[in-house]
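Here it is: the structure, laid out below.
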């Protein structure tokens, strides 16, 4: 029977590839940076530019600077399809090869990896997603979520709405709707919003949209009825495109419709056509390709034919986010190399690098990203890096570009509200899992 | 199986009585006002041309169809509606015109399914029994061996030892019919309904089957109602015959009486 | 008491107090239902003619929409980064995509169905899931996985009638669905192949014995289902952009199917409307009691309730058990 | 003539009715047990435990559970993911709220809770059949996932709805959470899988299994010979859900350690159904084969394309999806009765080997 031969072949090839995983560990004259990507599946439109940004920045460092501290960086992509079990599989495979830090780009995968990585002594860098209370570094030693978190973002968003209403006190009695992706990710902002609603006296309605969010008629019927002053959305994937279209077709004023930083990308707004004009979203970094580092990518990477994506898509929201992620990982590696005096850093050393990052305006400028984003200073206690700054961007449908609106300096989170929540949640986690918080003083 | 003390004695006691049964599907009347009875210990034949409502009648008796009119008295108990598994529990077993065996299972397992209705009733008992069978210890194991012995007796009786472990789907038609009879016997019924047990068989197979039916009735006193087209078989086997045509009863009596009946002759010759 | 009031009284009071909004909810439900029916129709066609529960219908819609966008923008397959100059006008692209779907039907018959003929239903069902994987992978490879805007000129926007908001797109969707059903009716009644398909649906053996080859029938029915998928893909794709998620609309069509019956075209339409209205009304009026997002499972539970009374679906053929 | 039955005469019915009546089969099973309990833990790396072995065991158990329902009793269900979620969330609630309860009982009770839920959602099977039932079970799938996502009680009010297993011990050895040695977690999964597989084998060859198969092969005839359809189907739903619930609890406690309701979505249901079909409907050993095949194939393809052939992650994934789908179609066309039937055919060949006939 032919089939049995095939199976036999399968089995032997499998044994072969299994053993390869082990042998690969020995050959490492480079630093392995894993990249968990999703270029397929329902969330691929978001995953592709992210992955391209991540890959291109390291390609730039390799091509222009010869790597970091003289060691080349090897970026190994592992396709997760945004599926949690596959992400874990990627983690195990890449861990075995000696990966130094993981950025899962999925809140679901992040939650899975937190206990594992803590055990394996590999840092997790979940930039602006994942478990918010990981901002408490005394409990979550191995997890970093700077430059800012969902809870910080929610509080900054309310500040922005206050700004638009003409003062925080004017929010009293206003109606705010939070439309959220019905998942671990989407729900993160809810507790913060509820507390702020109580504190500031606005009426909050939470409307969940199930994955994938193709069909949102009932959500928008409810919006029609509530007639909110502001809508905040934590969406992802197709949910964003449909929501923007629905909002446009019920004539909801777009400038009062604000997406979070995962709901404000070109692929969310372009399908909406002219109707999406004026839609706003948050961000924690700049958009556009007008930075010398990005120009260098064009020069050193794309002109050499090594670009991961299309040249004209450099500067898109999620592409730049991929860049930011790589900048932080690269900087953490640099700090670790300097501190430990080695070229070939380990996960444990990179963790030190993350914890001692200090990205001020001067450093951003040195990197060719002057004014790209706010300052980040990570400490043992504060893995959120100071809470960051949230910018507001507005979609210009005719120019197909984002413009910054609201306060030019952006909006800082209400640390006084958010931080106690973070510490309380971290303490509860520590108690449930028998973790003794480390001393950060 | 336990042999009755005094086999082959028709006591005159009525085992089953059907009265004024009418059954229709949508607008089609399958049975119209049919009444007859079956005496304990007899072999009763139901005959008639195709579409006369014979199979429907069996379906009514074992509760698979629910007649719109009429009543059925079985062992002195009158019922209007009954699920077929309840009928089975009360001792009515049957075989089918088109063999209805469990094709994915072996001969042995098919026969063993006939023993399932000897299981204990009640949610608690059933759960306990299931768990005991899962660990396959103690009473469960003993019970399996007991049931197996009963079934092996039937296998001997029907002379199908050689196909014990063959999946029934692979058996020739004649043997399938025999296995199906075996499954019905395994239920140890008081009333056995046979729907064309000899259809599609050659002479030798028919002879075997006739022998089994007579032996069954003779040795164990099982009451039998059968549908059969082969008039020779009917004349030889049965004590009394009921004749249906277009859903109506046109004759009822001994084989000789019935074969002399003008209505019956007309029906079979197609004279209307 | 308060609980009973919230469940059994308050929502109805609400409906009568704000009738305009209630009408809007009903309208929203009906139009969502039409969109579900568009997908369910494809399932019904194939099940009716071949007894195959085609789980790949959603992916077919995605594949059709991807192809259409690709042709409209002149993308060269398998090299998503380069555009050719040959961007087809809409009407030509639609026709060409239709041709691709017919070709696909032919290939599916040859590669998937023919080797599996006479297999059990569940095997056929699982093989269509396999087919869904293949089309998903190939579609992605050919056309890339970013969101593609699809604009075939269906107007959007809305207007108010007596305080009821009506969306123009929804009216178009309803109109297109009506045209499609009319087209299918004509196809089944008036064309030779259509009559053959009906014959097969009624009695496989009889149809084969009068000399209609099964192969032709399968190719025909999968082609028609492919064209229906194209329409569904255009309608859904215009709403959300063409992307992988489009294939997940199949899940929205399943409750419609069991409610309407696997074999009934009117069932797919009426079932879609019932599901659409049912889930929207439930979500808007009862959803808030349990924090919302109930419509996904509610559609299935609603269908299940109907099934308890009619196990073959609302319009399915009555099952007569024989032995 | 490696696989010979001749000469093995049974002198009693109980010997003929033993769980593995043929000597070679006994040796075969024993061999596998030795490999699983002794050889594998000595040789496997953490990667193997986490990516191949433990998920293989967990999915085997779930496949076995679904096979009882679909393969033995003939009732198609697409709610497996939802039932696994019941097992996982029950385990979480028990482990966190009753910390003194041993993990073994936590898992068993989770299975029992799932069995009750399974009975509840099995009730419509009395009236609804075939694909109508299959789609109707999706009601369970969507409702259960919604429920776990929606009500904070199930996740101890964690804001993200994500759950994590606390570290738990058996006889002083830690067997759950990331702190536990993978070998310990492997043994936990292996113990449950082996014991439950043997119980399942006994069940399906006993009266319960015969009643299930009778319903599957011809439900009307089954009722006429006295098998109660509803009770029998509900038994299948209960036992099947128990297995799936235990698998869900193991998924969470022995394998992933953390979970959220999304992990148990409809894709998981389809995947397990694939394992059942590829392995072979109505076969215990097939359930293991099917699970192995579906767990290994994507890993194999990824390793082949990325590791050996050096494709990009994206191309590899696309090829993987396409080839996975194509292989499934190919398989169903070549051997619709699954790997179990192929194994049986091989055995029959071995019986007469080296002679061709």
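In order of appearance the chains are A, B, C and D, and numbering begins at 1 in each one.
In this text, a contact is a pair of C-beta atoms (placed from the backbone, for glycine too) under 8 Å apart; a residue touches a chain by one contact, two chains touch by 3 or more.
Not measured: the values here are computed from a predicted model.
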{"item": "For chain B and chain C, chains touching each", "value": "D"}
{"item": "Chain whose Cα centroid lies at the greatest distance from that of chain D", "value": "B"}
{"item": "Chain nearest the overall Cα centroid", "value": "D"}
{"item": "Centre-to-centre distance between chain D and chain B (centres being mean Cα positions), rounded to whole Å", "value": "40"}
{"item": "Chain C and chain D, separation of their C-alpha mean positions in angstrom", "value": "32"}
{"item": "Mean-CA-position distance for chain B and chain A (Å)", "value": "72"}
{"item": "Distance from the mean Cα position of chain C to that of chain A, given in whole angstrom", "value": "35"}
{"item": "Junction residues of chain C - those touching two or more other chains", "value": "140, 291, 293, 296, 323"}
{"item": "Per-residue overlap in chain D, given as positions that touch at least 2 other chains", "value": "146, 149, 220-221, 224, 318, 321"}
{"item": "Sites on chain B at which at least two other chains make contact", "value": "64, 96, 100"}
{"item": "Contact footprint of chain B on chain D as seen in their complex", "value": "12-14, 16-17, 19, 199-200, 202-203, 206-208, 210-211, 213-214, 216-218, 220-229, 231, 235, 239, 282"}
{"item": "Residues on chain D engaged by chain A in the complex (per definition of touch)", "value": "45-48, 50-52, 55, 96, 146, 149, 156, 159-162, 164, 166-167, 177-179, 256-260, 262-263, 265, 267, 296-297, 299-300, 302-304, 307-308, 312-314, 316-318, 321, 331, 334-335, 342, 345-346"}
{"item": "Complex interface listing, chain D residues touching chain C", "value": "70, 76, 124, 127-132, 135-136, 138-139, 142-143, 146, 149-150, 220-221, 224, 266, 270, 273-274, 277, 281, 315, 318-329, 332-333, 336"}
{"item": "Chain D partner contacts - residues on chain B that touch it in the complex", "value": "62, 64, 83-85, 87-89, 93-94, 96, 100-105, 109, 112-117, 119, 126, 129-130, 133-136, 140-141, 144-145, 147-149, 152, 183-184, 187"}
{"item": "Contact footprint of chain D on chain A as seen in their complex", "value": "1, 3-4, 10, 13-14, 16-18, 20-22, 37, 39-40, 77-79, 81, 83-85, 88-89, 92-93, 95-96, 107-108, 111-112, 114-116, 118-119, 131-132, 182-185, 187-188, 190-191, 210-211, 425, 432-434"}
